[in-house]
Every structure is written in structure tokens, then in C-alpha cells.
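Which chain is which? They are A, B, C and D, in the order written, and residues in each are numbered from 1.
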Amino acid sequence: MSILLSSVLNGLSFAALLFLIAGGFTLLYGIMRLLNLAHGALYLWGAYLAAAVISGTGNYLLAVLVAGGVVGIATVIGGVGLFARVQGNELREVLLTIAVSLVLADAALAVWGGHPVGVQAPEFLRGAADFMPVAFPIYRLFLMGLALAVGFGLWYLIERTSVGALLRACVDNRAMLASLGVNVRRLYWFVWMAGGFLAGVAGLLGSIVFGIAPGVDVQILLLALVVVVLGGLGSLSGAALGSLVVGLSYSFATVYAPELLYFIIFGPMLILLVIRPQGLRGANA
Amino acid sequence: MRLSVTSLAAQYGQGAALHDVSLEVAEGEVIGLIGRNGMGKTSTLRAVMRWPEPTVTAGRITVDGTDLTRGAAHRPARIGLGYVPQGRMIFGSLTVEENLSVLTRAFGRATVRAGLTRVWDLFPKLADIRNRRASVLSGGEQQMLAIGRALVGQPRILLLDEPSEGLAPSIVDELTGAIRNLANDGVGILLAEQNLTLAVSLTDRLLVLEQGRVVLARDSSGVDINDPTLRSHLGV
Amino acid sequence: MTTLMPQLTSRWTDQTNQNRRFLAVVITLVIVAVAPMFLQQFHVGLLTRIFFMGLLAMSLNVLVSLTRVLSLGHAGLFGVAAYVVAIGVTRWELPFLTAAAVALVVTGLVSMLFAVMIVRAQGVTFVMITVAQGMLLWGAAERWVSVTNGNNGIRGVRPPEFIQTANDFYWAAFAVVAVSVFALWRLHTSFLGTRLRGTGDSPTRMTSLGYSNAWHRFIAFTIAGLFAGVAGILYVGYFGFVSPTTLHVGNSVQVALAVILGGSALFLGPLLGTAVLLTARTWVVPVTDRWNLIVGALMIVTVLFLPNGLAGAFASAWAKLTRRIPRLAGRRSPDQNAPSAPAEPPGSSQPSGTPERPQH
Amino acid sequence: MRTRRWLPAVVGVVMLAACAGEGSEDGGGQFEDDDGTSQDDQADPGDAGEGGEPVRVGVLMPFSGPVAVSGELFVKGWELYWETHGTSAGGRTVEWVTGDTQADPSVAVEEARRLVEQENIDILVGPLLGSEGLAVGEYTESIGLPQVYGIPASEEFLRDIPDTIFRYGITHGQVSMPFGEWAAEQGYERVSTICSDYVTGWEICGGFINTFTDNGGEIVTQLWPPFGDTADLGPFMAQLAEQDHDAVYLGMPVGDAVAFFRAWTDFGLLDTVPVLGHHVTSSPSILKAMGLEAEGMISAGVFTGTLDDPVVEDFATRFEEAYGEPSDPDPALAWHAGALVRHGLEELDGDVSDADEFIAVLKQAEFPESVLGPLSVDEHGNVLYDVHIREARDRGDGVMENFVIDTYEQSGPNFRYDYDMYVEQPAYNRDYQGFDWPENCDAYISDCPLD
């Protein structure tokens, strides 16, 4: 019984982390229609920056600001400087993001070295929650709460605010929106910034669970891709659903079908994509 | 305020769309741009509105001497041009009101509030369905919304691309009335239209586009809609 | 992007030009065939690798340039062939060529299976399905230890008896790749190639003409997989072993980079891209550890500024040169590699007159 | 599209020009060091003119990709060795050139070929991973190049190793088998294992289980998280928390070990049972990433900078002075590779033309005092090591190090088992972990714990 409960909890907390990791990715795809394959590299840089700030100052808030801010600004620069030039050409966009991720990952290796780095949660989130029937880390509970908050926040931003209306209008028809007098470029800066910020902060959040090592970027990218593609590209609720599917199936497979772990992430995704290319929550393409 | 287009040439990718288009629209004037499909009406309007395509390869677009040929895509609207595109292109995932209020960031709260009042006055029907998603509106309602949206920024010149397309005659009449009212209010109008009768009845002056060139220019008052040259240009 | 128009322009039907082109091909073939006699062993090996990795890139380009989709799982099919040969030779003790035949059949079947999965997919979804396919194959190579020997891979694969030296292998690889490239060329210029291009460029038009896009995508994917299999057989023959990294998505990415670097629009562009990448690597790696950074930067430049890749850049540079010095070009034109008239810059064969509708 | 006509020619010409351009150079003559430091600076001026062509050594390691740090550490140790001892050996100057495997076996082979054919190396040192080693070994054997391979190697090498390789490193089982016996003798009866689900993890776990169960220990459960840094370890922690065991045996390398320890701490399991580790889970850089909670982790390994041995102390001090980080097994292995190359050259008076001879010399070499402790070679060419059981502690300045608490002297890859019978068993894999082998004492050559 307790193994069942802990499987559910683990699945949910992993799902929460996946959702947080995929947030920036799905935002950029949802608004910009950009399949950002450099997402993992942005995550990696966020993770390293945050770890450096934490080991230097111990200030987690500062780490969030630095990781999110630097990665966000870098994303804006990259977005405006590079992607604006190939926007609309899917193939070139994809290749450009791959190229950027190669550069970023190798630069990270050059700058930060290849030693593994461990990041601890802030003091008040360390250790296990003793009020639970099973041992469960406080940090993972925090992740679940945070994922709910971020999910709700993004939903509110997009569906209920004027910025959100602008973003939705931009998705509907960006040329039309510009013809009405809206500075779409500035809107893009905002989206780049937000997507980069989320990726950078995800680096901090994820590294507390996974640690940081070269190569994490590719694995994070694959996880984000699976989650987002399962759910339906660009759909926030899809990303949430995709996270839940991957998180729970991974958690249960670990316990009940461990020999399938290598296939548990990509197998279902493949089957789903074949049956329903638009993902669980995606609109018909 | 006067919009001047001089010897405009533009292309989609490698394919030329406009070769030599010149026209002028001033406040209070209604200019008709007529021609068959694919002759460059929509391309002209898009080029003026600085759409990503077609790309302008030659010529100048100015408003009162301000060059609009290059620069950011939102400048024409900020300077006072309103655009009602072919096919309406309303934002389907936004409500009716959001379709209008989305321009708050571009024009400021006060302007948009005034704009809203004006749109509700012009199209009372829209006021009743202001919280409905735009994607579920009827064709006529969508067209009203598209015109209303273009008016929010208080444009001095309005570019209309086939507003009557696909609409029932009664609704066309309603729209024609609205457009006439706008013209009477002093808004300059550039109307791209295939419907010759409608164009003649609305406009002061007609320009005929063929293969991306202006081939004929006449005052509407003198136009006989059965004129064989005109009809041959329009393919009717 | 430029495509090689299969309906040859009237100039191409010109007999002299045909002959010149034939001569150019023959001379190139002869030069490449005798090359190992004058090269160091390392360069013979390098060229051999360029042959089969270039063939892999060209097989991927069937998808990129014709059906306009990018596969990031292509190294998976390449790896399947390599694994089947390795298992055939080391476990079942088949002769290499028999194992190679089996490998082609298996790769073909796997390609068809995968092709069925992608027929409906577009753009990003297509990319993702191929990623998943590649990752599953990689997972199988890692985890199905009783068959694949897991992470250690399978070693001890000997090429057939008649291949004794590196030069022998070079010639064998050259022959196989030349035949494959010729076959791919025939595909590109055939009516089938035109139809495949149609599914990429204007699927709706294909449908209205009564062709099935799904069927053509299936064919394109299968053909691409088969030629990847040929490359995989050469790979395992050359290296003598195969391990899971061979079919990892990272490897697929490298292949895609070669295609784009060389230029997918020109038939031999991917081969050129592979040649540049593999050669540059042997120069760069001794100097710096930052090879990936350099490749990435190179790719960024290519994607941003050279839409037709290096081959395209060479083409337009050549066009400029010949335009500027027409007489020089004229003098050299009887020779094999100088056109008598300026070459058209890439991009000039865009279908004209049909304005694309802006994206909504 | 006239451009097509010249394209085959251009491709061909580019390919040939690319090669020919380099072909005219003789790789050997104009060698400049690849690591940014000039060879001349490193060569002891007194030895420089000591006659003959220099001996060229290829150091083949990953310098890019996920395991680049191991390659960098290795080169640091290698350079430090020659800086310390001078670059002359057996009457010849030693030069080296590096090759980057990118952790990909086929790239490793290609780089080996480049080093041989372009850089004219006489000896190859490396590479890192088991899969790379197996692939490169095929090649070096085919051309008769001596290869000195020292990184913890696949057990597959015990069963099939080319004659041209001197494998001076350990196998994972060589370290984990003594540890299994030690754990049982310490009174651990019920242990759960968690090892990465690939060849390294299988071998780390297999060795431990083989001897631990021989000595009456019981494996409660075996968990196999996928190898890779983003596997969620939460469900595994939940399962470990459920078990009634008195220790957890950890065999997840480097970054995965850090993630394990983070999860282990966060799930509140730190104070429940001890974690027993392996050297891949407990080098100082990993301990640093794990944080102070890793204090007290017991692990088995052959190198630790804290060993009470003047040679090791000397190396550890030099390394830390030179690079500002605690010494690590990778540079120690590189340092010893240097010592081996020097030994071979001196024994053969600098003549390395015969690979078999060179390897034979190394296989006879005894190092009573090496940076890796006293080393001897058994009749199968495997190096016997002192295997240490160590405990992780703060060494006093905030740096975590491993301190030896027990030692198994001169232990080989077959530990107490009969060599032939041991290698008749499959290499450890997920299905074969040595649970039921051996059934009786026939397979033991000493101290059989079975009745």
C-alpha cells in the first residue's frame, strides 16, 4: 500500500518537475511556433549559473534571478539576433536550435568543466516530510506546489490578462496584429525572455534533483520533447497532461516493470504520435 | 492626411506581384481599387501595411511625407492607417471585446476606450455579443468586428479589402452604410473590390489593376458600369 | 530552397553539354579511383569514411530535399544494418556478403515499419517520431544484451575474403557508393523523384492529381532507410565493430548537420558536407578540444547565411566568377568543370508566379 | 541548373585536396604539442640530445562530450609525470600527442588511426571507456602497436584481450569482489544493491554480489536505474525505503552517484542504513558534489590520495599544487602509465618497434612502489593491486577524501577464485550476477567461505 502511495507521489513530483522543465519550451512553441532544441542547453546554463551563485552566496533568490535573468536575456539576444532571420522556415529553425545547443553545451564544458555538480535545496526544503505516511522529500512536495502555481500562473497570464490576449492574438495571426499597430517584436522579446527565464530557473529546480553534469542538456531536452509532444505541442494543458503521463508511467514502471524503463519514455510517445500526431491535447494540425 | 504610393513593385519570393502601382488617398476621399483575383489588389494593401509578404522591391509609400516603405510592421497603423484585410482575419481565440481591447498597448487606454464606444455605436450588434469568442461569429459579424477593430486606433485612412465578399446582400447594405458614414466623418478610404456596382456606388474615383499595374483611372461619377473596356478588364 | 528540376531545361538536352557532363563524371571517378595509390593510408581511410558517411547523408537527403522532412533517427537505420551484419558474421558465422544481404532485408523491413508510422506526420511531429524511433533502437542496442552485447558493442567483424588491404576496402566502398549515388541520382531525376518532391512541395496538388502523399512518403522513407543500410554495412565492414553510440540520436544529428552544411538542394551537397566535416575534424581536433563549438558555429553561419549550404555557396561564387571573367570561363569550358555560360545562382529556380499565402 | 555539372568534380577535388594538402607534411617532423605547452619546455635539457628519434606516445581520451573531465584529468596526471621525471627514457626523448575519442568507439578508432598514421606514434595510451578500449584494441592489434590501457576495464577483457594490449588497470569486479567479502565479514547480512543499468553497473554489482553471497550475505533486492543523469531516482528511493536491509550497495558512476546521494538524503534515508560504494561513486570531486552528507560513506578502490605511502603522498601533493584540486584516480592512472612507458623504454633501450616485446616487458614489471600502491602481475598478465576499503571524511580543510580502513593486498581480477573457472563464467551482466556461483569450494583457491 505504501509502495503504491509513494509511487503515486513520486510520479506526481516527477511530473511536476517535468512540467516545470517543459514550461519554457512549450511557451516558445505555443507563441512563436519555435521547436527550441536548444532548450536543454539553456537549462544546463541556468543550472550552472544557479549552482555558482548558490555556492558563492548561498542566496537562492539571487540564484533564481541570475539563472533566469541571464538565460532569459541570452534567449532574447539569440531570438532576435538569430531566429528572427529564419522564422517561418521550420527546417532551418530546428537546425539552428540544434547548432546553438551544440555551441552552448560545449561552451558550458569549457567554462564550468566536466566535474559533476550537486546542488542542495534551500535549508527549509531539505530532508523528508515526517507528516507523510511514507518518507517523501519536502522539496518534491514543493515542486508539486510550484508546478501548480506556475501552471495556474501561466494559464491566468494567457487566458485572463491583456498581455495574454495579445499573445493569443499573436498566435492567431501575427502579421494582422502588427498591421493593427501592435509592436509584435517587443511582444516577442517578452516571450523570448519568459521562455528563457523559465528554462534557466528549471535548471536550478532540476539540478537539485538530478545534479549537473555534461550531457544533462540532451537528456533534459529529450524529456521536455516527450512531455510536450505527448501532450500536444504548444498547449499548456497538454504539457501538464504529458508530464503526468510520463511521470506516473515512469514511477510505476520503476516498481512494476523495471526492465522496460529504457522504453517507457519513448515507446508510448511513438505509439501516441502514430495514432494521434497532434498529441493528447493538441488541436488538429 | 494623404497616403501616396509611387511606382510600387513587390514580389512573393521570386514571383513578382506588383510592377508599377501608384495611387493617392486623402482624408475624406473614397478610392476604389478594382480588378480580378490575383491582379494585385490584396498585394497592394499588404505592401502598404508592411506585411512580411509581398516584399517591396521598388517604389515609395509615404503618408504626409513620412516614408513607410521600410521600418517596423506596426508603424502604418500608428501613423493613422486602418486595415481591414481580405478574409477578415479576426482573432478567433479572443472574445469580441478582446479583439478590440488588444490594441490598448498600441494606442493607450483612453484611445481604445473611445474606440470601443465608437464601434459599439457603429455596430450595436457587436456590443451585445462582446463576450463571445470571435471564432463563433457569423460572417457579417466578423466583418463588422474586422472594421471595428481597424477603427479602434482612430485611423485617418482606412484600407478595406473586399468587405462584401461572401456576405448576404442585406448585410452588404448595412456595411455600405457604415462605410459611407465613415467617409462622411472624413476618414479616407481605399477600397479593394471586385464588385463593380458596389465600388462605383461607394467611391469617388476608381483605379483598375491588372497584372500588378494600374491600367485605368476614372472618376466614379463618370463611370458607366457597362463600359466594355472596363468590363473586359474586370473579366465580366 | 532550390530543387534540381527533373524536367531538364532545354540546355540539358543539348548533346555537347551532356557529353561534357559525362566526361566530368568519368574524370572524377577515375581520379577518385586511382587516388589511394598516391595517398597516405590515413587519407585512404578518411576518404573511405567520407564515402559511406556521405552516402548516409545523401540517403537522409532523400527525405530532406524531396519530401521536405527532417529525420533525427536516421542513424538508427544505419545502425540496424551494422548490427545485423555484426551479429550475422560473429554469431551466425555467415559470410560477410550473406550477412550484408540479410542486413539489407532487415533494414528494409524496419524502414517500412517506421515508414508506416510517419506517413501522416508533418514537420515537427515527423521530427519527433523519428527521434523516438532512433531512441528506441538505441535503447534496444543498449538493453538487449543477449543479442547486441549491450554497451560494449560487437567487435570482430571481418570484411569478405577478397578485401585484404585498406585500399581494397576503399575500392569496394567506392564501387558500392558510386553505384548507390548513381541510383539515388536516377531517383532524383525520375518521375518517381518528381512525385516525391511533389509530396514535399505541394501535397494538396499531389492529392488533386490523384497521387497518394502517404504512399510516396512511405516509399521515400523506405528508400532512404535502405541506402542508410548500405552505408551501415560499409561502416561495420570498415570499423569491424558496432556499438550503441552508432545509432544514437546524436549521431543522427551529425548526419543532418552534414546534409545542411553541404546543402540539401544540390544533389551532391550532403557528400560535400560530410567531406568537409570529416576532413575539418582531423585538422581541428589536434589543435583544440572545442570541436563541437566550432561545428555549432559553422552550422549557425550556414543556416543563417548559406541557405543552400557550401555547395550552394560554391555555385554562386562560381557563377559570379564566370560572369566576371566570361572569357576565361569560355576558354576553359571544353574542360570538365567549367560551364560555358554563367551558372544560375541557387534559388533562381523557385517556382515563380504563384505567390505563397502568408502564414496565418 | 548548370551548377550540377561541376559539382561531382568539386566534391572530388575538395576531398582529394583536403587530403593531399596534409599529405605532403610528414606528421612526425613538425610536431608541436597539442596541449598548448611546448614539448621543449618539458624536456629536461640535459636529456634532450640523448640521441635517436623521439618516442611518440598517443594519449587517446575523451576531451569532449559527457566524460570529457576524465580525459582532462588523465592528461593532467600524464603531463605531471613527465614534468616531474623529465621526458627522457631509455635514451630517447618522449613526446606525446593527444586524440579525442568523444566517448564514441568509432571516433576512438578513427583517432587511433590518425595518431598512428599521421602522428607516427609508437605507443598508444588509452582510451577511457570499455567499449572504446575493445574497439581500439582490435585496431592496435591489427597493426601491432603496443597499447597501454589503464582505466577500469570491461570484464570482457579477461576473456579475450589482444596480445598487444597491456591492461594495467583493474576490472570493476577486482575491486568489488573483495568489498563483498569485507561487507559480509563486517556483519552485513542483508544488502540491497542499486547499480546503473549498463555494463559498468552490472560489473560493479556482480563482483560484490558474487563474493557477498558466497560469504553468507543475502541480497534483498536489486535495483537498476537507467544510466543517465536525468533518471528520476524517487521511485527507487521509495523501494529502498521499504526494504529490511542493513546496507545499500551503490554502483552508479559519477553524476548518477551524485543524484543518488541527493535523493537518498532528501528521502530522509541518510540515517537509516550505510551506503557502500565503489571508487566510481566516491572520488573527491564526486564527494564534493555530494556534499557533507556523504561523510562516512564506505567504498572500495585502489587509489586514494590519503594513503600512507610516500610515493602516493608525493603524487597527491604535486597534483594538488599543480592543479588546485585533490588528486583523483584518473591522473594517478595516467601517472602510472607514464611510469610504465618509461619502464618499457628503459628495459628495451628505447626500442619499441616490437609491440609483443614491449608488452612482454611490461607484463614482467613489478612496481613495489607505485602511485597506485605495490603492483605485481599474475601469469595471465593481469595486474594485482592492493584493494582498499575506505571511508569518506573531511580531511580537515573542508575537502572530502577517502581514508583507508582496511586493505586486501595484491588482489587480482579473479580475487580468490580459480582464474580459469572464473573466466568460464559469463562477464557480469544483468542476468548473471554470480548469485549461485560457485557452488562449492572447487572454484576457490584460498580461504573458501563455502562449506
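Methods note: contacts are C-beta pairs under 8 Å (C-beta built on N, C-alpha and C of every residue); 3 or more make two chains touch, one makes a residue touch a chain.
Since the structure is predicted, the reported quantities are computational estimates derived from the model, not experimental observations.
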Subject >> For subunit B and subunit C, chains touching each >> reply: A
**OP:** Have a look at A-C versus C-D and report the one with more C-beta pairs in contact.
**Re:** C-D
Subject >> Mean-CA-position distance for subunit D and subunit B (Å) >> reply: 73
Subject >> Between subunit C and subunit D, centroid-to-centroid distance (C-alpha), Å >> reply: 37
Original post:
Just how far, in Å, is the C-alpha centre of subunit C from the one of subunit A?
Top reply: 33
**OP:** Just give me the whole-number Å value for how far the CA centre of subunit A lies from that of subunit B.
**Re:** 42
Original post:
When you check subunit A against every other chain, which residues touch at least two of them?
Top reply: 88, 106, 172-173, 175, 262
**OP:** For subunit C, jot down the residues that touch at least 2 other chains.
**Re:** 142-143, 289-292, 358, 360
Original post:
By residue number and range, which residues of subunit B touch two or more other chains?
Top reply: 51-52, 89
Original post:
Can you name the residues of subunit D that touch subunit A in the complex?
Top reply: 64-70, 72, 197, 223-226, 228-232, 234-239, 241-242, 254-255, 257-259, 261-263, 265-269, 285-286, 288-291
**OP:** Flag every residue of subunit D that touches subunit C in the complex, lowest number first.
**Re:** 1-16, 18-20, 22-23, 34, 63-65, 68, 97-100, 102-106, 109-111, 113-114, 117-119, 130-131, 134-135, 138-139, 154, 156, 197-200, 429-431
Subject >> Residues of subunit B touching subunit A in the complex >> reply: 49-52, 72-74, 76-78, 83, 85, 89, 91-94, 98-99, 101-107, 149-150, 152-153
Subject >> subunit B contact footprint on subunit A (complex, rising order) >> reply: 88, 162, 165-166, 168-169, 171-173, 175-185
Subject >> Contacting residues of subunit C [partner subunit A, same complex] >> reply: 64, 68, 70, 117, 120-125, 127-129, 131-133, 135-136, 139, 142-143, 249-250, 253, 256-257, 260, 289-293, 295-300, 303-304, 307, 358-360
